[in-house]
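Can you read through this structure? Questions will come right after.
All chains are identified by letter, namely A, B, C and D, in their written order; residue positions are counted from 1 within each chain.
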Amino acid sequence: MPVLDETILWMIGLSTDIMSDMAGLKNRGKTREDVEERRKAAESFTGVELTTVSRYGFEPELASKNVENMIGTIQIPLGYAGPLSIHGDNAEGDFLIPLATTEGALVASISRGMSVINTSGGARATVVSDGMTRAPVLRTEGIEHTKEILAWIDGHLSEIDAAVSSTTSHGKLIEIEPFPEGRSLYLRFTFSTGDAMGMNMATIASEAVCRLIEKETGAQMVSVSGNMCSDKKPAAINMISGRGKTVLAEARIPKDIVESKLHTTPEAITDTNYRKNLIGSSMAGTLGANAHAANMVAALYIATGQDPAQVVGGSMTLTSCECVDGDLYISVRMPAVEVGTVGGGTSLPCQTEALEMIGCKGDGKAKKLAEIVACTVLAGELSTLAAQAAGQLGQAHKTLGR
Amino acid sequence: MPVLDETILWMIGLSTDIMSDMAGLKNRGKTREDVEERRKAAESFTGVELTTVSRYGFEPELASKNVENMIGTIQIPLGYAGPLSIHGDNAEGDFLIPLATTEGALVASISRGMSVINTSGGARATVVSDGMTRAPVLRTEGIEHTKEILAWIDGHLSEIDAAVSSTTSHGKLIEIEPFPEGRSLYLRFTFSTGDAMGMNMATIASEAVCRLIEKETGAQMVSVSGNMCSDKKPAAINMISGRGKTVLAEARIPKDIVESKLHTTPEAITDTNYRKNLIGSSMAGTLGANAHAANMVAALYIATGQDPAQVVGGSMTLTSCECVDGDLYISVRMPAVEVGTVGGGTSLPCQTEALEMIGCKGDGKAKKLAEIVACTVLAGELSTLAAQAAGQLGQAHKTLGR
Amino acid sequence: MPVLDETILWMIGLSTDIMSDMAGLKNRGKTREDVEERRKAAESFTGVELTTVSRYGFEPELASKNVENMIGTIQIPLGYAGPLSIHGDNAEGDFLIPLATTEGALVASISRGMSVINTSGGARATVVSDGMTRAPVLRTEGIEHTKEILAWIDGHLSEIDAAVSSTTSHGKLIEIEPFPEGRSLYLRFTFSTGDAMGMNMATIASEAVCRLIEKETGAQMVSVSGNMCSDKKPAAINMISGRGKTVLAEARIPKDIVESKLHTTPEAITDTNYRKNLIGSSMAGTLGANAHAANMVAALYIATGQDPAQVVGGSMTLTSCECVDGDLYISVRMPAVEVGTVGGGTSLPCQTEALEMIGCKGDGKAKKLAEIVACTVLAGELSTLAAQAAGQLGQAHKTLGR
Amino acid sequence: MPVLDETILWMIGLSTDIMSDMAGLKNRGKTREDVEERRKAAESFTGVELTTVSRYGFEPELASKNVENMIGTIQIPLGYAGPLSIHGDNAEGDFLIPLATTEGALVASISRGMSVINTSGGARATVVSDGMTRAPVLRTEGIEHTKEILAWIDGHLSEIDAAVSSTTSHGKLIEIEPFPEGRSLYLRFTFSTGDAMGMNMATIASEAVCRLIEKETGAQMVSVSGNMCSDKKPAAINMISGRGKTVLAEARIPKDIVESKLHTTPEAITDTNYRKNLIGSSMAGTLGANAHAANMVAALYIATGQDPAQVVGGSMTLTSCECVDGDLYISVRMPAVEVGTVGGGTSLPCQTEALEMIGCKGDGKAKKLAEIVACTVLAGELSTLAAQAAGQLGQAHKTLGR
């Protein structure tokens, strides 16, 4: 039952003779038998026994759209942090947060932050914007031609919408932001994509629009992604204009709780944030300013079937701390939380279970998930800043034997 | 059998009453029974059946240093790309590359790139520098005090080395780069860390050095990580000065192979790279300039037990393309490949098998792994640039049903 | 005739006793006699004869709004480059470009570029966007309060416009872009400011709006400039979203002219631009990608009374080169040309003359000036890239004795 | 007396026929008569009377190495701020700071800051590193060739030093930092350049070294400046590794002086700095974090004959504020103060007088000048932050009529 027929192979540029290189390691099917056969071929090729990767809990056909040449699974330890009390515009309640990680102490540390937040009344969160972007680059003849193309676009927005609609029923084009340069024209399209992360939807719709523009204006699409999107790269444009969900989360920790539970003071945490996250990051030329947002993002993204390469977007988090009337106010601003609750890896069995743990499986849940992401990051930032403020980081890692 | 005793909890700032919040969801042990009991408590709390996550292939005690509150595993589909022919300073031979991903078409696309590279004679790679950094921030009294501290450091390098040696037998301090600012002093330590990724080794050693400096100079360590390290954040300092391994990889693809296998031309690929990766990235304010390096990095890091949050460092890859005598020359420069072949997630059973597939398990293998990472990124970049050059990206995703 | 009375001093925070510190060096008037008296006091204080600075060509009262404590002038050599043939949307004709500089070879080099451009049919230019920004930062109580403030703004745009109108008849508010973060709310206002550079107009209007918001919502303006404006700092937000005028300029230089006049080839120039401006800038973590745009911007800004600190905005220029049918296509994209033709330094006598040389004095000329800036940068980039392509840069400086 | 003879013209790529374009506007000599004749030709060409630019105070021959096609001067109003009490490692005493500007209120505001600093005991400053960089880019055959070139360099440092010495007696090569990428090799050379800003010295020496490397290794120099230098561009590499002088300055302002003289509090200033300079700059994607450092840098650079395009380097200043025992501690870190006290524009008569005002003319003075720059920036930052903290910025500009 070869899923990738020749037509499709051509689509992604695979000719059958190339595929046969891989097929030298046995067939390319999707059943458990196919996978086993292929795994044994891989064992034979590498001389390594692939035992553990083959002991997994679901039928491989379920992953038929998620991977090619499947030989098993990588099993990432799954723990939970929390429960965490969240008061979000979209997430409300106490959530047990699934985290897939191999970094010892991470879950415990996040959980510690959550406990402190809970005792302080919980975390507040909101999604301030939402839209998936794709920015093709077109080749033009130069300034004059570019101006003509831009004028054509301005005058044909309904035709452009129709081109989008021809490719997707869920996606809607929200905005076209043009960036002309020399003989290149970058069009940054922003789409609402429902509860899908939406990048592929955006890609397909963007290409349809570009084909229309090509036909009508003589522009040539050089790439459907011209890197002003910008996907999976640390890009200021996403930090500034947002990609996916832009989310805020905050908590206020009373002074006595900081002292009794975190063994430090609001002033010490604020000072640590100031020197480390703000000045240190500035001097290092960093996009964003945080302690380790990527850790929480990676653990939660992997658990819930998000694209782990989009940890990059999450890594641009800005963490701020202030003393307010003696208490600690802490917040995170995450400009690019690129998540979905349908499609991609979210349909796989383990990942579905993790999503269900936080009530985020399926339609109408993507913003809720984004808020949970931000609150989890908040908890992790709080705990690590507090630990560093108390001078314990190195010692903790040492004792836990990592 | 509680692994985290009270002393350790204190070390990471966990008081027992905080831990008992989590314990409300049952005990915190590491045996399969403990995990099962805890998983059922989580099912009870969330009302969700956690069936698949509980079907995994190894004894959970093996993950005792990798996660807390374990309730099972997240299983990521594992495929392979290749084999890829690599001629590296440290990696030599044909490698079948394990990739854990949920993004359909990714493995196939990378494999396509590898096939083209193989036909063209393979990929060339080298590690140009190697060192793990940690940059504590100290509070000083101002310029005069900072100068005194720096003078003390200059005059006591052997004592500093001794402090390092007291914490680690594998790590060696290579360099101290000071960044004074106002009442803050950032000391960027670079360590050789053998075949461990080495961040924790660097953290512990850095703290020991700072304790010495505190004692001798009156400086106060505000945080053992002052964000000029910079770990898991997109930071120019890592792009410029490197972190972990800085690796180069390259291949030269004859014109006729580009045409017959990639259905485009060297000129078209070069033009795509120019407009997309170079100009587009520049206009987007990106650190690095690539098509989707983070994809390959994430899939290979997850497969081999690396820290997935360190995908951020990999995302700063620079991809360049040139036409050379009619052929396509393509290269990647990866300034921050933060990998290890011992410690962390590399010891887990699935991850060990993946490492063994490429002969990268254990001592003396970290540079080899870094070169394999870079060559895999090279293959993925080649394939995607070629697909975009041929205008097929959106169409491919559409047909594969993602 | 003290111009700075106590009220005004208070406005800029000067109390009279502070001013008297300076007055210890004599009075603070604006007439030539006042200036002379003050200059002599400065001579007395420093023991230096300030002869040449006192020999200038206009009455110092004309500079009464441009400087305090005037003791003379700094005289910057003024040369011209060109004439340059420009075909812009706003600038059309042959322009002799005034350049104030102390860097030998700069004028000659720019002039060389212009000559080549003229022979090739001139430069093409356009202004693609125009608006001056100011971004106050308000302190809020947190997420909930911020949402209320944003809702109030959305519902009271006409009152906000009225607040703007109460401060300026030339400025119009074009857009308010909100950036909420924790207990801070940044509002990036964009104004059309006629032919003034407009920063002060934008500042005053922004403050008026903020006072209104403060009164109605309880927000507190922490600073009328919250650095997301961003004025005189190298900021990605300006590179991406533009500040002042965003301008494009281009030229196509036939192959034979490149060879005969620039002693190199289109391929060599394109390769130089690729390695130097694109890859080199990317690896250096640069905003923009150019050879020396700031040189042209500084020389033209100083000549025409622009704010020389806004050279920073001009330094983010992106220069691109391509071979098109064997010819050289070269372009510049300048995202932040912050210029005016009324107000500020443009009213001073020398600066007025320089503006008149290019027909840019007074109303209706700011976009024309912006195009001339971009075309001048284009010429300078062309000449330097060509010189470097031909390997002559170091040698040229050596021979000219600089 | 044509200074640019044909040989030299060729050196900068000027052929005589190109020069004759300009010569159509009359001769190209350097005497006052030549300048007058040329000015009249420019008047004739533009139809504008160039009266004021022709009334200047020195003989144009003195500018013969600073400009071509001279027709007069642009006269920038020169004021002074201070005196400022500085306790630097290189600058010690009370300095009257010359500032050339057309921005009203700037000098008064800086002077206000200086008065406050004086009352508080003066400013402290130090130069923490010093070196001018130039980074040529060489074309190589790829990784293998690059490694050979780097090995050759490592083995021939004395020959490289000899190549440097053949071009300059003042410059010494301090460091070569290699950045290999694909078929490009960037070599970042750092030179000590005495009291010259030193960029041309560095350029000429770098070219000599590259010619040697070319000859010995087969590398080809594509450009003597590969933009990792990086000159006059906002580049993270300079912020991190420094260029020219890296300078710190600080002051501590007692609480009562902040209140009585600045009409605000240490807390309010610190909060303004936190929200504006740190968080606002971070969210804007800025290199550096300051209020308006470029203003002070531009005014002092223009006054003292520095290169105004290097204001870009100064704009990357980091300003930090803390409350220390109730007082305000303020500091600036300037990573790239690219100044000289010999050569370039420093030899012009007005600029010489300005340098003499602060005792910075000639040999042995460059570091002193750098400290004065930083202390002047410190004063300007203090005054503006205080004014913004007190909510007065817009109002002040309005009243002063700018």
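Assume a residue touches a chain if its C-beta (ideal position, glycine included) is under 8 Å from a C-beta of that chain, and two chains touch if they have at least 3 such contacts.
Predicted, not measured: the structure shown is a model, and the values here were computed from it.
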Shortest contact path, subunit A to subunit D, counted in steps: 1
Per Cα centroids, the chain farthest from subunit B: C
Fraction-based call for subunit B against subunit A, same above half, different below: same
Between the pairs A-C and C-D, the one where more C-beta pairs touch: C-D
Whole-Å gap separating subunit A and subunit C, where each centre is the average of the chain's CA atoms: 38
Whole-Å gap separating subunit C and subunit D, where each centre is the average of the chain's CA atoms: 16
Subunit B residues counted as touching two or more neighbouring chains: 181, 184, 236-237, 239-240, 279, 281, 283-285, 287-289, 318, 320, 333
For the subunit A and subunit C complex, residues of the former touching the latter: 124-126, 128, 142-144, 146-147, 180-184, 236-237, 239-241, 248-250, 252, 285, 318, 320, 322, 324, 329, 331, 333
Of subunit A, residues touching subunit D in the complex: 236, 239-240, 274, 278-279, 281-285, 287-289, 318, 320, 333
